[in-house]
Amino acid sequence: MQRFALIGAGFIGTVHAASLAAHPDVDLVGVHDVDASRAGALAARYRTRVLDEAQAFDASRIDAVFIASSTDTHARHLRAAADAGLAVLCEKPIAADLAEAVAVADHVRASAVPAMVDFNRRYDRDHAELRRVVASGGVGEVELIQLTSRGPSLPPLDYLRYSGGQLRDQTVHFFDLARWISGQDPVAVSVMGSALVDPAIAEFGDVDTSVATLTLPSGALVQIDSVRRTGYGYDERIEVMGSTGLVESRRQRRGNVARYGSAGILADGLSEGWFERVQNTYAATLSAFVAALENGTEPPVTLDDGVRAQAIAEAASRALTSRRQEVIAYP
Amino acid sequence: MQRFALIGAGFIGTVHAASLAAHPDVDLVGVHDVDASRAGALAARYRTRVLDEAQAFDASRIDAVFIASSTDTHARHLRAAADAGLAVLCEKPIAADLAEAVAVADHVRASAVPAMVDFNRRYDRDHAELRRVVASGGVGEVELIQLTSRGPSLPPLDYLRYSGGQLRDQTVHFFDLARWISGQDPVAVSVMGSALVDPAIAEFGDVDTSVATLTLPSGALVQIDSVRRTGYGYDERIEVMGSTGLVESRRQRRGNVARYGSAGILADGLSEGWFERVQNTYAATLSAFVAALENGTEPPVTLDDGVRAQAIAEAASRALTSRRQEVIAYP
Amino acid sequence: MQRFALIGAGFIGTVHAASLAAHPDVDLVGVHDVDASRAGALAARYRTRVLDEAQAFDASRIDAVFIASSTDTHARHLRAAADAGLAVLCEKPIAADLAEAVAVADHVRASAVPAMVDFNRRYDRDHAELRRVVASGGVGEVELIQLTSRGPSLPPLDYLRYSGGQLRDQTVHFFDLARWISGQDPVAVSVMGSALVDPAIAEFGDVDTSVATLTLPSGALVQIDSVRRTGYGYDERIEVMGSTGLVESRRQRRGNVARYGSAGILADGLSEGWFERVQNTYAATLSAFVAALENGTEPPVTLDDGVRAQAIAEAASRALTSRRQEVIAYP
Amino acid sequence: MQRFALIGAGFIGTVHAASLAAHPDVDLVGVHDVDASRAGALAARYRTRVLDEAQAFDASRIDAVFIASSTDTHARHLRAAADAGLAVLCEKPIAADLAEAVAVADHVRASAVPAMVDFNRRYDRDHAELRRVVASGGVGEVELIQLTSRGPSLPPLDYLRYSGGQLRDQTVHFFDLARWISGQDPVAVSVMGSALVDPAIAEFGDVDTSVATLTLPSGALVQIDSVRRTGYGYDERIEVMGSTGLVESRRQRRGNVARYGSAGILADGLSEGWFERVQNTYAATLSAFVAALENGTEPPVTLDDGVRAQAIAEAASRALTSRRQEVIAYP
């Protein structure tokens, strides 16, 4: 049984609270949030307690913390967990700034506490099955990976303004997937992007529609298209072409009903939003972390994985404006 | 808040316990089972109590009972709930014997307690959407309904021997769906069937592969094929052809991964079993019942619905041996 | 090189003329039709001659006749070909009346001329591949075959009045497919049917929507639904479930374009009509016949196949009114 | 009726001969080829004559020439047709060298003969329907176009060595489709590519797997992946995402059969090769050209379209080695 403190009672904290409460090997000791009333409501819902910050990192009562607070606090909470000797599962990114992320990852590594970054898409059933096919040689040598990441609607401009840009905020998940699927660290990246949905996005130097291309050490190529707003729901899919075949994690539909008429065949559309699409990955991610703690093995997604995805995003952000291939430097 | 007693702690009782425990408007007061240790284990898991039979029907502490005990006890428990003035949600069938089912339904109706039979497939997202399309005129006048019900593996012979036969045990769910989708009570039925999987089934007069055809009062036709064992997983689907189009609740696949190779395109197969396919309908069925209790409306699936589906199964069972169309008499 | 006379210059004769003209091993000597101007137009189009009836059966200039004239003349032309010692490929049915069909088939068999009935659906690429899978044991022992035959629009009432009824006119193709796929002759049939599209059809004792169920000697079942008018195009498909798997010849779509929008995913609909669906089977059927002639082997679809499909249609027609299973007697 | 001379009796000339012979408004006067015996064999097959070069461009007997000879002769034959006042349909490219292509296009334009380049993919039923949807506003403003071009097997190295490289030889068709679908001339291009299939390709500076990204004047993006060898057949598809939806011309499969078993659902794979996939576009392309001649309208694909696609391929070839975005200059 692992005793958890949950840090953060916002939207994503609420999601994680449900997973923590339902997990048979987890004792959710309490919830901490800078907004105590928000923490109180969430604690009440899952019949647990509100913790102040000291209590949340008290190693006499807590084994592990789940950091689901705002991005600017991740680094501080990670250091606190490491210093207290607590295992830690942290929402991405480790820190908004790459240099700070590297420093935190080094600090946590030095402390030797089990630590994991919450790249939940690795726990999507279909993506994991695709990777299994690739890893078992089912498509031969990897030659071309294509990833599609398209949200149904533009997040608020106030969010986007401080998000670090589409490549750091949205595409970073797919940089991680590319590494994870291929088992390789990309060496170069080029990017084209435009602000097509809202010209205001261009004013702060960001894009809402972009295409990134990466080269892997083997010469294999990776294509990632990222879109902030579609007119047809949430669209996420992956294809991996290898020397002997192709494997595809298809767009997921929201249902299996089809209507045949004179105009054609109208089937149920895609997932409504990203949350509906990835919802069931959160519990699986938590389970993987808890299993590692219970078994004393290394958590399967390391802080270094988080750092490396961020390093790709940095190079990609440079490539967007330099209009040339950028070499990716890993810290 | 509705205070529930759960009757039955076997496989399906365990499934319902999870739904009851998770429902925000339900207080699961306790669990009753003839096997007290089984009841105890389930009660412990959901932090509730074991009830003896008297406690389970004690109207001072219970508002509603969920009957998930063995089929031969359904009738007795339904009468007990009615006599105690408790709302009741009951697994199908009401009683193994049609005459007894009619008597119980009459008894419960006379008591005026809210009562519902657990035809959970009505709460399948896809089937419900199909019905919505039909009801809204999306395919015009209904002309031909096709239902497929195929399980992956033969249930134990000891179960089958006392199941009442494939038509009463398996197809009955689809007789209900046909009534529900069409809004009509079938008037005649013919059936062909064979024991192809295991000859022992024929020894007690049953079949494992059958095709039933029904006529609706409008002249529309219904086709139902029922299979006990496939080599490709659990296969359930519905098509409704009307005068202007067709709507289909497709076979559900267990995933969305496809592998392209020289031999063709290998996609993820169907649901492993019936439970994986319908699992998420149980909570929805419970929610509908609880909503009716909270709102003081009639439960959406009545005991009469249960009786009528059984009446069709009786006529179908006769048709299997008479080799001719049988007129369906509703009590 | 086989010298052919084409008998019949109507719609289907015109279709066959194109196949005959394009076949590298066929010399289309001429066209005969009771309407000489119609024959003339078709002959001109393919740069061949008009033949009178004597010329069409003149063995000194003709090796084979293709009978594509009206149904009531098939028997007479078949006898003429047999008497002249000409090979013969004949549109189904051999004769409208089963007894006459048997007599003609006997007569032709006695003459020992190569003779084939044009069950062109056997030469559909997808249906043939399905049969190959079944024949090679790809689904184990056959247990349940389902066939769907649905036209987009009601033929003219004047045609239907003299068609012999839906089962003899439309379903007969699928009785043949059931025999061909299973390699078995069905032993019993039951049918339900309704006149839902046009009440006038009921006036002459016919139906436009029907479901036939057949038993094979192995106990396997066959389901065939036949519909005269859909609101969504031409719908033909076959499924064969066996003891270890299922194989499906899917509905064919008219294109591969899909439109994703807020209302769902609108894909191209089904074939517009039966002709678009089966068009490419005619040349393949002809090729099989010509190959048999060139190689001196027996044509792969015999007149007896035609007789047997008609025998099933007769029993099915009886079952429609008797409301009971009818045993199928093969002459 | 248009009197045609066919120039070239190789593989693609043979394909075009069949279309010319079958077209009701075409009189195939004869065939010319540098290899007279090859011309003779093709002429015999379609009951037409062998022409020497003078006869092929003799305006007293010929209305139009179809240039299907080797690439290095296209320019000369185009000039000859223009000088003789003959309409001309020409296989792509106009000339291997862009400057020469521009000169020829200018020369032909000056002569005012009707001229068309054979970008046959524009006449693919699915691609044309996709474009129709886009042009009619079915997806709103175009934002992201994705094109996939993947052949099943590596062409011979001797062919590849003189092909001009993957971008000029293979991708050029898709540069044209991008222009045609969007109605815009791309302004910049970046490319990444690798020689993954055969290292010998790298020796002459070519790649076999590449990803090109283009920017349109509107800011919309285009992604094109080109692959010389897959392990799963010929893979061609197009997606266009706009501001309100997406339209897709899907991968075409070679059949519609699916096999359900314990390992999943095995469906028929993709087209075997590019020819099976695009075969039926040739006759449609010819028909469009003939219709323009008959109606006196401008042929729908101009030599300038050919020049512009080549101009994109030139910039793309530069971008492959410069590792930066290249601006596309149109002559």
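When the chains are written out, they are named A, B, C and D in that same order, and each has its own residue count from 1.
Here is the rule we go by: contacts are C-beta pairs under 8 Å (C-beta built on N, C-alpha and C of every residue); 3 or more make two chains touch, one makes a residue touch a chain.
Bear in mind the structure is a predicted one, so any value in this text is a computation, not a measurement.
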| item | value |
| --- | --- |
| Shortest path length from chain A to chain C (each step joins two touching chains) | 1 |
| Neighbouring chains shared between chain A and chain B, ordered by label | C, D |
| Furthest chain, CA centroid comparison against chain D | B |
| Inter-centroid spacing, chain D versus chain B (mean Cα positions, whole Å) | 58 |
| Averaged-CA centre spacing for the pair chain C and chain B, given as whole angstrom | 42 |
| Multi-partner residues of chain B (at least 2 other chains) | 139, 231-232, 235, 244-246, 260-262, 268 |
| Chain A - residues contacting chain D, complex | 139-141, 143-144, 146, 150, 188, 190, 192-197, 209-211, 213-215, 218-221, 223, 225, 227, 229-232, 235, 241-246, 323-325 |
| In the complex, chain D residues that touch chain C | 125-126, 129-130, 133, 138-139, 244-252, 255-262, 268 |
| In the complex, chain A residues that touch chain C | 231-233, 253, 260-270 |
